[in-house]
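Letters A, B, C and D mark the chains in the order given here, with residues in each chain numbered from 1 onward.
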């Protein structure tokens, strides 16, 4: 058929046939030259077979879609010279050699009645992802491809929350277009990060019924062990107290798995592995909490290396998206400066966040006597849908117990 | 190393860690951790770098002497 | 016109002048329409001038007028200045409705001219309400409501006739029976072709009068107005008249014969009135020439006024869709 | 005064009584005001709204009319143009079609067409809506139709307070104002805030704040929507219910603000969907706050049938609480 070579092309003049009846053609062969108001174009073919009949004459002006030639199956005899009765069509007209994509395969019918399951493959045009207008706009602002996200909205559509969550989990560095390098540092746009934090934290406070527990842990043994450990090592091999907090938490989580995982679709899903999101404050504001994977399986030295690597890359903007998606639980530790205690906000869909204040020297009663001890306030903020306070108390106690046996960490 | 060289080195190492700051303009008696907003990991990285550049061991118990520029200058000057 | 022995010289000339103003004004309108200065529908009153002139002679400032879309004659006879009328037809903001209404919708609040209404029968209920207000506020005023015989086919006509009589409202119903509702001949439209008899069905006082004679119309209107002001409720005047020109500018007049038009033209109120004035020595050639000159000058001024007018700012398009206040 | 008064000495009254009090006070406040319509006097009003007013104010102020909607509505327009402040009652909005010429061609056009010379300070009250088994010539909701017409204001009191005070604001307005009173609401009873003595006729009102979905509605669909919101709250979904109150001119600001906050919207309208006020609102949302939407707009409207007589059929034809709940619930997806 006369192909449409442009939106404004209505007809074309067949200038020259480059094949004749009986010619064998294959996909990509040029079979004719057509003249249009934009000039002459070679017409190539998208089929294989034998030219059965040339329907259009050279010099003829034909509208788009008009029959140019019939193509038979490979090897098929060309039609006889005298025209066949017009009612007898051996083969349907070939599809136009246009650049239309093949029709999408028919979608498998969704099982009906399973209302709770969001339809993953949207039923829209040609499998196009369903993205809400605001989600699309926000994704554009954040430089995220919304079509790549898993939609949780109506009919599996990608909603604003999906975009905000993805933004908060992934590095929005691949943002296309010009960027204001003034504002951006190390791959993060502070405004975008603020928005992402705002979205995630708002969602958390809106949807997660938090409960909070805290306890004070005597760090004498842990720090003493650490001091001894570090004394024998050059600075680059030394550990930070954070390593002990991470290890103690990871080991406690093994015994209390209800704090390690996600609340999704109305129920708790335990995490596969203990991947601790470590909250890292970025210079100049903002916060990300990428995962250190399998903390329970790392040695203190290995963990320290992982931590150093993670913090370094976080500051430099080199966190992988998967590292943002991985955490099964989060720890926020204030280190040696800042406040004495912290009560965290759970990062949805996780179910718990541990908070460690700075280590402070305080009076402490040991064997009936008041002595100065380095203490840390440890807190647990947990999702009451997934666990109860009693279990939370046991979990905090387990962390304390592990910190009293630093050599086992 | 002279006092000035030590201070210059420290400022250079610190600005690697806190690139948006200007440690060289820091008053010598201020806590660099507060002034440059560096945390324990940053500080440890600073110690690692300082040890490497000066060849000093810098045991952990000496860390508190390295919280100010004046302290760093005195410490490195004394040990090297 | 010997049946009007008391018609004075001055008044006779006045009637003539008023009709002439309308006739010549409209002749100018037709010319300007063909010159595309005036667009839209243009319905000329040519032949019916005696009705508006005769009725308006009897009205006072406190009275109100509800007109039809063939409203040029009503407006001029009511005393609306010619310039703003012409400007209205030009669509200029200096028009009597800011160019919003055009030929069919002349309005003048000051002269209690409640608009040319282009829905046949649509003005009758308005006249009732105006009359209710006249009654409530005891102004002594009445509402003169013009409509064609075609309105008698509308429900609004009958509802209004009934309600006006029922509530004894001071309404002067003026039916301009020109025999054709657009192209629909009266005898094909109405079972009862004597429109004034319809009033009787509502127990309303009424009569039919020669609408080609301004003096006859005026004297009938005086009787009507007197009765209304006496508190007797509404009055119905059927004025039998004829329009010489087509319904509007784009009308081939397939529904009537040239002969019929010629017969009616013999009764043209303007030459007849002039002839009568001349026969009775109530007008001198100089006076006639002066009247004609005055009328021509007035029209010339009106055209100039319209030509010099300005277009309403498009930014004001939505102005008055909703009013900010009711004018005092 | 009569059985609809409610408990004497308190501010508790029915919607019907609120309508009556509104008329009564309007008649007391302004001698230019009168009530005119079919059976408003001797009969006391088809829905008993004007019961007792003839006795109090006499036939000059409470005018029974013949069955002639075009004439008495048109007379109301003329009287308004000539300085009065009429209240015209049309028994039910289906009958308003007999006066549509007057409302559309005169009341709505003359102010503009006269270049601002003639205002039409008229109020037309009419009963609207279904739910009383009155079948297809007494049950329709045509307010959306009238909201199509520039030059009119269209009010839809959905609360006792609005029934009580909208009339006053309408009469003070220099434009033709149509008030649609829902027949099912007449018997609704409620407390009037003694502090409130007037209401605006320009703004929509948030009757119930919420964060998850906006339900935009009016009239008798308002109580249904509030009930639906309570249902949704049990499921943890906070619906914001916006009472449109004024269908023309629509309060875009309040509508857009609410939907921009909740990002989801269900429009509940007892009118039909096709070419309706719900369609208009949906179109405006699509035009102006498209990029705030996080889900498609949903509408719960009457089924596209003449409202039938049989109770179960009528119920099926009109918007119901369950449908509103379902529509809102469906918008939040799986999260």
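For the reader, a short list of remarks on this structure follows.
Definition applied: a residue touches a chain if its C-beta (ideal position, glycine included) is under 8 Å from a C-beta of that chain, and two chains touch if they have at least 3 such contacts.
Note that the structure is a prediction, hence the values are computed from the model and not measured.
Each of C-D and A-B has its own count of C-beta contacts, and the greater count is at C-D. With each centre defined as the average position of its C-alpha atoms, the distance from subunit B to subunit D rounds to 75 Å.
Inter-chain spacing, taken between the CA centroids of subunit A and subunit B, is 40 Å. Centre-to-centre separation between subunit A and subunit C, using Cα means, comes to 79 Å.
If you sketch which chains touch which, the chains link end to end in a single open path, with no loop closing it.
Under the contact rule defined at the top, the touching pairs of chains are A-B, A-D, C-D.
Contact residues of subunit C toward subunit D in the complex are 64, 66, 95-101, 105, 107-109, 114-115, 117, 119, 122, 124-134, 136-137, 143, 155-156, 159-160, 162-163, 166, 319-327. For subunit A in complex with subunit B, the touching residues are 185, 227, 230-231, 234-236, 238, 240-242, 281, 283-284, 307-308, 311-312, 335-337. The part of subunit B that touches subunit A in the complex is made up of residues 18-20, 33-34, 37, 39-41, 43-45, 47-48, 51-52, 57-61. Of all the residues in subunit D, the ones that touch subunit C in their complex are 32, 34, 60, 65-66, 68-84, 86, 98, 101-102, 105-106, 110-119, 121, 150-151, 153, 174-175, 249.
Considering their complex, residues 116-118, 132-137, 151-157, 159-161, 206, 265 of subunit A touch subunit D.
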